[in-house]
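In the two complexes below, chain A is the common chain; its partner is chain B in one and chain C in the other.
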Partner chain A sequence: MNADRTFRQPGRWAVLAALAVLAVVMLFPFVIVTLNAFKSPAEYSAGGPLSLPHGFYLDGIVAFWDRVDFGLKLWNSLLISGVVAVAAVVLSLLNAYALGIGRVRGRLWILVLFLVANTLPQEALVYPLYYLSKEVGLYDSKLAVILIFTVIQAAFGTYLLSSVLGQFPRGILEAAEIDGASRRRMLWGIVVPISRPTLSVLLIFFFIWTWNEFFLPMVFLISNDNQTVPVALGVLQGEKMMDATMSSASALLGIIPAVAFFLIFQRTLTRGVTVGAIK
Partner chain B sequence: MRRVDPAPGAGAARPRGRGGYWLYLVPSLVLFLAIIVVPFLMNVATSFTRWSGVGTPTWIGLDNYTKLFKDERFWASFEHNVALIIAMAVVPTIIGLVLAAALFDYIAKRFGGRTASALRAAFYLPQVLPVAVAGVVWGWMLHPSYGAVNQIFGIEVNWLGDPDIALATVMAIMVWFQLGYPVVIFMAGLQRVDPSLYEAAEIDGASWWRRFWHITIPQIRPEIFVVLLTCTIAALKVFGPIFVLTRGGPGSATMVPSYFSYLNFFQKANVGYGSAIATVLALIIVVVTFLFLRVQEGGQERDQESDS
Partner chain C sequence: MFAVGRSAAVAALAAAALALSACGGSSDESDSGSGGSAVGKTLTLWHYETGNSAMGTAWAQAMKEFEASHPGVKVKFEEKGFEQIQKTASMVLNSDEAPDIMEYNKGNATAGQLSKQGLLTDLSEQATKRGWDKLLSPSLQTTAKYDERGIMGSGKWFGVPNYGEYVMVYYNKDMFDKAGVEVPTTFDEFTAALDTFAKKGTTPIAMAGAEYPAQQLFYLLALNKADRAWIDSFELYKGKVDFHGPQFTYAAQTFSDWVKKGYIAKNSAGMKAEDMGVAFIGGKFPIMVSGSWWFGRMQEEIKDFKWGSFLWPGQFAPGSSGNIWVVPEKSENKDLAYDFIDITMKKETQNLLGNSGGIPVAADPAAINDEQNKELIENFNKLSTQDGLAFYPDWPAPGYYDVLVAGVQELINGNKKPEEVLDEIAQPYDDNLADIGG
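Showing the complex of A and B:
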């Protein structure tokens, strides 16, 4: 009956059509970039941006890949984001264990401190960090960026995880305590397995957020060997050497990993959100 | 550091007391001190000096700040920030509310959940990009000579190079980039709204707009707050798109505080002045966060009063 009504009222289709048009507008840049990354410059100037590519012209992509050594950039991004994600989850967990379950004194102030740290603009830290990293010989190293983002992400993670662990079923912990379990065993044997969904969501968020960072990596990673994907693309943007299709290829190479992560992680993220809702 | 639990009897069962938990905070506190607290204090201290980055800074008191308040570029950069708050927080929230409600309360019911999810994914896709990559995409699309937009429409507009329209162009790009975030958050929020509210309103013959205004918006007010707060902070901090698209130009048509401080730090060697800009920006962000949280708390208290 419902479907019947739907077909009789053209207004409903108008709403759907309007939303579909908007979706096309949102996706338009992705389509255009993909179409033109596979064209030769001659094909682009002859057929314009909307024509379909005649074949799989890979020269633009290959030329750009070689020029920026894109494989190395991917590896740098993977390494930095992966290490940061794991280290920041561990730090957040340790903090949240002390604050949410241990309920140490002054926890409110510590949480406020972490929250403020998370909202601070990186511009207010960048120059001293730049200066200090030069002093200790960490400038232009992946380690400097890893350390900085581990702390920045952990500041947010602590805030979120503390409130999650604050609701942790205390009965389980008390029972373990009576059985003589140590603090460390309670953390790794009980708290970690039970909060695994939240931890994996945090891990994914930290990974993606670190991958997407631009400002601090751009300042700290100046040599070609250390740059991440967004830094390499952002710094090269608008260079005179780039022709239309090579620019398009560079944009496509930036889009692919981001969309891939989205597709890979989507299910874990939705599951994490659902688990949070049930709890 | 260890403190014995004062409760009598508890000491026997929990020999280590509560103080032992402090140990778990030590690694973070050390790193936090070295990477956030000390650098931030150094930044504040530097803002009272004249310093090129090498040699000894010269103490000049509040001179950087008095200069700052007379600096037209600084004020212009904050005006651009307000424009970006509109583009990144206000407009996406408003459009996002309408879209989320339309998808949840209309499309999902009339055309099925799959259609709604597919549309939501399309709106969200720009959000998955690193913001610098979004800048690269649009830098290419809007290139004055070979860009796809000019080619398709057969026009010759210098979207990012004309001082009269550069800011508007950046704003439009940021709406495109941000829109998916509120849509997803609001749709998630709508999941927890009691469906009987909508059913009752529908039976009463309330129009879609009335339901939107009287049910949807009040019910997901917490989500609206979160989105407005996080997007406003993001807009105040915006750097990547400006760096990639315009470098603050042409002239200073798209200059924002973060890029302005970056210029002073790393290109003009005015580290003291750059630090003052960064300190003011940090202060504004902390105040905005605080105000938002106050307003939100006020709203919650009102809710509780009306509930009881």
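Showing the complex of A and C:
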């Protein structure tokens, strides 16, 4: 909005042009999806994916909504992603408080462990997780997915937050200690308010990441009543057939919530990133 | 975006799961508890056919009939994604969440694998008792039976197919009329028709090199030089297959010639099946060689020209039973599951399947009203009675689909000689044979 007018080099225009091209490239798939979501199958077959729809064909979207009971899937996704986002942020914060500020012994190794855990592919985790969840009776329940993703997201969150809190101004903490603040008080009264922007960014990322997860929810959410939005979208992919228009309609329905969530919290997001950069 | 892989240490998860399940498990446990108490009253059924497809329609009717003939029993149907069933079947069937009956993919790598792991119920006794073995022709039964190695064709019944599928030739009647081409009945007439179109500057065959259509055409060409013994060797490991024998040599050579003569477009190497279908429906090609799974879509979406289908000129064509009903070993209502399969095999259900554009395996041909549907089914029955169902070229070995895609793509691009391509596709086949000790 308030663009910085001090840079007036010609390079600026080159950057702008490059960004514009990039934006078009990024937006192109969305445009295609939107175009095809409002086409009838016959129109799609006659004109191909790039033609403009003749009318506003809503049947694809409505049919998909009814077919998979999309309202329920939305609620499942919202519940799982929401709980995971909050729980993972709290867990990361507690871990990072100990590792980044508390200076636990061997914290470097603990962080390395978390980093290694981050690089494990989900495919490698499937079988162990499957047996564990079956043992504790959580197979085919939302709770299993919530637990798994809370831990997965918190592993990354701990790693990131620990390095952020490692740079936390010690002076403030020492002053609080002299004033007689307990450790708990220091966490909730000082560390949390000051690092709130970073925490919000983590919260938003965790929400969107969890929302978009496909593989593990597909394995663990067996009954249709438990499924999330991306798993429901998979119903449309047939063995040999794909229904391009209905797939587009469903993809549109699937991304709208994540985009809406992003737009709502977009300001927090940019603020959080800059605060992190200065600190 | 953060490109960091976001996964967790198993140890960390185990600890967290133990700690958290203690405080949060109550609601979900009560859910599964209530599901458990309804056992004996509910038939849980999964399939992955679209609701308005032929199978979807017929099976919905079968469920209604089942509920009517079994008072007090409810059918709990869940529509699943193909991929989900494909990737998670062995895990689901090994747990208490297994359905009572489900649709599953026929073949060694799918149903065969599960039967080997002991996850499927042996249906042999039911098949003879209820007469399913009489309703299904021998080549349809191939995909229903698996031996102890999980290889189809012999052994016990582990599945029951409900519908059939085969590869045929779709053609654009308007384009045929305009070019003065008659529907060919022999292979020579077929090549002559291709030549007529090519000479007029039209590429005759819509093709997709990046997916299954190209390898199916390649296989069709090989089949024109083959007999049943060769097919059994190739698909069921009943003998040795020579990749440099007359069948595959002819197929590779002819396919490559067809590209050179312009019967198949050079740029089709990168096309997907969907592109091919859309191009044919858009009236850009006079001929498309592909499976009956397109039929319903053609009926629905081709508005601007007349079209029809005919059998590939030759005794054999790729085709088989469709996917099969399986009863998981952990099914809690096996008897109900058998009853349901029986209803889907009944004349009424089969006729409905046929009238909805599918290929029934046990219908009454006289009960099929639509002319196009009738033609489709009659062609299938003809193929089936002349023992012409030759299965699919990618069945023999796991991952063979991609091998064939790559091989035939090279034929289209022309950057490898036919003999070299044959070497390339022989290797993985022989490796697999060594693995299973065949």
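We adopt the following convention: the second predicted complex is superposed on the first by the 221 of 279 C-alpha atoms of A that agree within 3 Å, B and C clash if a C-alpha of one lies under 4 Å from a C-alpha of the other, contacts with A are read in each partner's own complex, and residues count from 1 in each chain.
In this text, contacts are C-beta pairs under 8 Å (C-beta built on N, C-alpha and C of every residue); 3 or more make two chains touch, one makes a residue touch a chain.
Just so we're clear, the structure is a prediction, and the values are computed from it rather than from any experiment.
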{"item": "Chain B versus chain C as contact partner of A:67, first or second or both or neither", "value": "second"}
{"item": "Which of chain B and chain C A:120 touches, first, second, both or neither", "value": "both"}
{"item": "Touching partner for A:51 - first (chain B), second (chain C), both, neither", "value": "neither"}
{"item": "Partner chain(s) touched by A:148 [first = chain B, second = chain C, both, neither]", "value": "both"}
{"item": "First (chain B), second (chain C), both or neither touched by A:244", "value": "both"}
{"item": "Partner chain(s) touched by A:231 [first = chain B, second = chain C, both, neither]", "value": "both"}
{"item": "Which of chain B and chain C A:163 touches, first, second, both or neither", "value": "neither"}
{"item": "Partner chain(s) touched by A:223 [first = chain B, second = chain C, both, neither]", "value": "second"}
{"item": "In the superposition, chain B vs chain C on chain A residues touched", "value": "B"}
{"item": "First (chain B), second (chain C), both or neither touched by A:139", "value": "second"}
{"item": "Shared chain A contacts, counted only where both chain B and chain C touch the same residue", "value": "44-45, 48, 91, 113-114, 116-117, 119-122, 124-125, 128-130, 132, 147-148, 150-152, 154-155, 218-219, 231, 234, 237-238, 243-244"}
{"item": "Parts of chain C lying in touch with chain A, wherever the complex brings them together", "value": "2, 4-10, 12-14, 16-18, 20-21, 24-25, 27-29, 31-32, 48, 50-51, 78-84, 87-88, 91-92, 95-97, 105, 212, 273-274, 277-278, 281-282, 291, 293, 297, 300-304, 323"}
{"item": "Chain A-touching residues of chain B, taken from the complex the two chains share", "value": "13-14, 16, 18-25, 27-28, 31-32, 35-36, 38-40, 42-43, 46, 53, 99, 102-103, 106-107, 110-111, 115, 118-119, 122-123, 125-126, 128-133, 135-141, 143, 146, 148, 151-152, 176, 179-180, 188, 191-192, 233, 236-237, 239-240, 243-244, 257-258, 261-262, 265-266, 271, 274-275, 277-279, 281-282, 285-286, 289"}
{"item": "Contact footprint of chain C on chain A as seen in their complex", "value": "41-42, 44-48, 67-68, 91, 113-114, 116-122, 124-125, 128-130, 132-134, 136-143, 147-148, 150-156, 205, 209, 218-219, 222-224, 231, 234-244"}
{"item": "For the chain A and chain B complex, residues of the former touching the latter", "value": "2, 6, 12, 15-16, 19-20, 22-24, 26-27, 29-30, 32-33, 36, 44-45, 48-50, 91, 94-95, 97-99, 101-104, 110, 113-117, 119-132, 147-148, 150-152, 154-155, 158, 177-178, 183, 187, 208, 211-215, 218-219, 229-231, 233-234, 237-238, 243-244, 247-248, 250-251, 254-255, 258-259, 261-262, 273, 277"}
